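Scrolling down, you'll hit the structures one after another.
What follows is a pair of complexes built around chain A, which joins chain B in one and chain C in the other.
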Partner chain A sequence: MANEQRIRVLIAKPGLDGHDRGAKVVARALRDAGMEVIYTGIRQTPAMIAEAALQEDAQVVGLSILSGAHLELFPRVVDELKQRGVDDVLLFCGGIIPQEDIEKIKAIGFQGVFGPGTNTGDIIEFVKAHAPVRT
Partner chain B sequence: MGAAELAEGVRAGNRRALARAISHVEADSAIGRELQRRLYRYTGNAQIVGITGSAGAGKSTLVGALAREQRRRERTVGIVAVDPSSPFSHGAILGDRIRMQDLTADGGVFMRSMASRGNLGGLSETATGVADLMDAAGFDVVMIETVGAGQDEVEIATAAQTTVLVTNPGGGDEIQSMKAGLMEVAQILVVNKADLAGADTAMTQLKALLAIADLGAWRPPILKVVAKTGDSVGTLVDHIDEHHAFMRSNEHGDRERRDLARKQIVALTRAALHREALVTANQSGALAALVDEVAGRRRDPRSAAGVLLEAVRREWGAEIASR
Partner chain C sequence: MPSKSNQDWLNSTYGKAVARNPERKALYESSSGEPVAPLYGPEDLAEWNYHEKLGYPGEFPYTRGVQPTMYRGRLWTMRQYAGFGDAEESNRRYKFLLEQGQTGLSVAFDLPTQIGYDSDHPMALGEVGKVGVAISSLEDMEILTDGIPLEQITTSMTINATAPILLALYVAAAKKQDADLAKIGGTIQNDILKEYIARGTYIFPPRPSLRLITDVFAWCKDELPDWNTISISGYHMREAGCTAAQELAFTFGNAIEYVDAAVAVGLEFDEFAPRLAFFWACHSNFLEEVAKFRASRRIWAKIASERYGSKSARSQTLRFHTQTGGATLTAQQPLNNVVRTALQALSAVLGGTQSLHTNSFDEALALPTEASVELALRTQQIIGYESGVSDTIDPLAGSYYIEALTDRVEQETWAYIERIDDIGGALVGIEQGYQQREIQESAYRLQRLAEQKQRIIVGVNQFATDTTVNPEIMRVDPTVEATRVARLAALRKRRDNAAVEQSLTKIRAASRSNENMMPLLIEAVEAYTTVGEICGVLREEWGEYQEVLTI
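Up next is the complex of A and B:
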């Protein structure tokens, strides 16, 4: 029997805004592409996100943000992951992120940055191409 | 990380090692099997509690409330929450953490979401295997949340030492229809959402069903709770403790443990035989040939199964002889 690698993706919304429509659309699209999506809900602190990623042994963590606090919150998520020794996850984010911030976010380890109106097919392809293989 | 290192990490309470070990058991990998072989001897200390009921009954909310109550009693808590996979894509959205967000920050709690079809070793075996890892990791209480729908879920419920069946007010028809299955495997019956109208009617219905159920020495208590506010959740924990003590104390408990052990061995053997037989049947081409014959009505399915079994036996015999 083919021991096909399952992809586990944690989708979280850090920060205080309560709109998770976008996050849910992405979660469903990834589910429909055959992935296991752990959806943690809104208003997550960086520590909660990192701890959930650890417990769930997710290969991929996707963050959705609309509040504009990405430059403050994303580095803290990266830090919290590091503190827990979670050093082999693929990070991506979506939401409202100004053009001039994209490079900064990529520099701290987010390989994928998806703005509003992104085709979910692009996110699926990105995750499939870059999700780390676990042995 | 290899099995030895992971097993050591699990025993030492390393959360990352536990998380990775669970992934191996879910994947039914060689490391996963080795982990189970090494760690089973350290199990048997945790209280294993199954929480089952229909989708939306409030199981996750109740698991969260129970975990908070157990933490107040200074017990550590492991949680396995199983959600159904999509039958189409085999993907899943696992949303049980939403109801337990506050517990993520608590170092005395470890929660893992599981998709019903994301594992290759059989759902109930895998869920039980994951619970065993948490047991070996030293958690005092391990809860397994499952939707009480199919046969697999009933099996998970049976594998837990104490199973709590969660129903709701106004779920009368549903209560009627499930009497055959889950009623028999539950040791505690709960009417959750008792803040809504109709809770007493549901209690009466459950009592009536219990009166005609085939029960052993344990009389399942029935109680109303409000998972959302934590109302009566303390009493529920008391009942769970009572059942645990009951299982630990009398000879009935010993028989239950042996029954459970037998069931687990038989189920795993059956699953392995099934899997290996089909692999052999496919590889040898015997199955494909029989499919043609049966589809063309030249042979009946029953005798085709007999021929296939004979072919599998021959293959296995040859394999053993060549060793």
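Up next is the complex of A and C:
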């Protein structure tokens, strides 16, 4: 581990819902797995999330939403990231996301969609396998 | 030779059996990690005194129930939490539920309404009508309650930061129906402290928020005597991951904070305490949950009588609503949730709940469909009308285990209440992130237990299948947001805007004084001033709460 760069992950909650149990458990699990984790707290606008990703130099951005507003808000987060030139981050998400929406979310660049019942070990593996390498 | 005591049996018959065949698990434990013994018996209740611990239904300390007849007199209120889209759509769902035999309404509001943004505010984008109904003005409330006689049904509204405004809207709608306010019954959640801890729909900092709550207590006492002014809720903290005892303790910690705030502004405990209500979760550990409900009544009776010197029986009785555990629902094999919900609902009934919401099996996937909500309601009706558990009061009383567990949940709760007292009260705890951290620790522990398969979740970490089930799900009409924006624009044009401005000026002035806000809020909403406009003024005056980050 000593020579390896710690993976920097931003965990964020877009939208207005306050259900942060999943986001906090994932943040803690990734941190316990040796990553540098920044948690934004709840009620973040897409612009706030993109700005935090830029400022924190995050390689990975994980979004959690349970209100059902994912199809409205996730594309906006992607746009805001692009506007800031942040184009080499690994995106993943979780929450209450119906099966039929998963393809749409993957199409806009989310490589991982983790619903209820996900093992945090699977998220850790996913992040380690796909996080872009920073030099 | 038969064993002469529990210990004797553990050493002989049981000990030999375990030596031959180890048990399924090395350790059996409660939700808070307390060991569960293989057997409970008279030794576990050695010091136990029936009259002191249980008493009789409708009598102190109310362990056996708050009413003298309990469900023999009347079943609990079957109250399904519902609301989505716009007021028209939700009004149709309410009428459907009432036609199906539901006995009270429970309104879910969308997040913008809960956080004080009108449907046309930029922060509302994507959220309008999603997790509940969007209500911005009296026009919406009139549509929501159209054709529903507000004098005859009771309505529970899950609303917190904007509770006084939504109550004002409900009162204004009732007045339009020419209803007698003395006959209007219902509940507003109005519990802001647990929003800071777990649920997240706060707006203002704690001090002005507490002032709004005491304004509601004071106003309702005189003007709306049958209204439950607050539903002090453990539910959301439990859903966020805490244990059964933490659920009780953090809720009572908050209750004590509210009571102290009300007493500090000159209200008498026995004047407002009869209208305090509570809200518990019921999760899957069946017997522990029954014990929790029973313990909660005994604890509150003691807090009321010992801490506040209450002389009123009504103030000492803890009346509560229960909802089955949303966090226990699985997206995998979703039909299993029907069974989970039925068992949880049964524990709430055996625990003596006053009203109950049963979750629908598809709620780990999306909002429930009409068919799944109906099944959830039928679950309650089967428990109430077929199972026989409601024929006698508190039927599990006297079980060695139930009584030992009730005692233990009570002890664990008191230990936490003392800790919160030592910190300086619930609010200081919140500002330090104490309750938040405790809940996170428990949530993380539960997650790890599941991942290590020490906590089995059927269909998820055991007995899993590869087939993905795709039941039909409910989707909120995507045009709702645009329709709402147009409706609000029309309203803002049509109404008497001078009256609106005047009402906001009065609210701004009152926010700087101690004047009770309720009459001004009613006046404002009657002039069709919106929720967002009122909250906009209060945000300018009071500022917004900043989350204490505790990762």
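Just so it is clear, the second predicted complex is superposed on the first by the 133 of 135 C-alpha atoms of A that agree within 3 Å, B and C clash if a C-alpha of one lies under 4 Å from a C-alpha of the other, contacts with A are read in each partner's own complex, and residues count from 1 in each chain.
To be clear about the criterion, a contact is a pair of C-beta atoms (placed from the backbone, for glycine too) under 8 Å apart; a residue touches a chain by one contact, two chains touch by 3 or more.
Predicted model, so just to flag it, every value in this text is computed and none were measured.
Participant: Considering only the touch criterion stated at the top, classify A:104 as touching first (chain B), second (chain C), both, or neither.
Facilitator: Neither partner.
Participant: Regarding the shared-chain residue A:128, is it in contact with chain B (first), chain C (second), both, or neither?
Facilitator: Neither partner.
Participant: Of the two partner chains, chain B (first) and chain C (second), which one does A:39 touch, if any: first, second, both, or neither?
Facilitator: It touches chain B and chain C both.
Participant: One more residue to check, A:85. First (chain B), second (chain C), both or neither?
Facilitator: In the superposition, A:85 contacts chain B only.
Participant: So, does A:67 touch the first partner chain B, the second partner chain C, both, or neither?
Facilitator: A:67 sits against chain C, while chain B stays out of touch.
Participant: Could you tell me if A:30 is touching chain B, chain C, both of them or neither one (first, second, both, neither)?
Facilitator: first
Participant: Given the touch rule stated above, what does A:15 touch, chain B (first), chain C (second), both, or neither?
Facilitator: Touch partner of A:15: chain C, not chain B.
Participant: Check the residue A:57 against both partner chains and state whether it touches chain B (first), chain C (second), both, or neither.
Facilitator: first
Participant: Both chain B and chain C contact which residues of chain A?
Facilitator: 27-28, 31, 37, 39, 41, 45
Participant: Within the complex, which stretch of chain B touches chain A?
Facilitator: 15-16, 19-20, 22-23, 27-29, 85-86, 88-95, 97-98, 101, 104-105, 110-113, 115, 118, 120, 275, 279
Participant: Would you mind writing out the residues of chain A in touch with chain B in their complex?
Facilitator: These residues of chain A touch chain B: 1, 3, 6, 27-28, 30-41, 44-45, 47-48, 51-52, 54-57, 84-86, 134.
Participant: What does chain C use to touch chain A in their complex?
Facilitator: Answer in residue numbers: 111-112, 114-115, 123-127, 130-131, 195, 198-201, 239-241, 327, 329-332, 364-367, 440, 443-444, 447, 451, 457, 460-461, 468, 470, 473, 476, 547, 549, 551.
Participant: What residues on chain A touch chain C, complex-wise?
Facilitator: 15-21, 24-25, 27-29, 31, 37, 39, 41-43, 45, 67-69, 71-73, 96, 98-100, 115-117, 119-121
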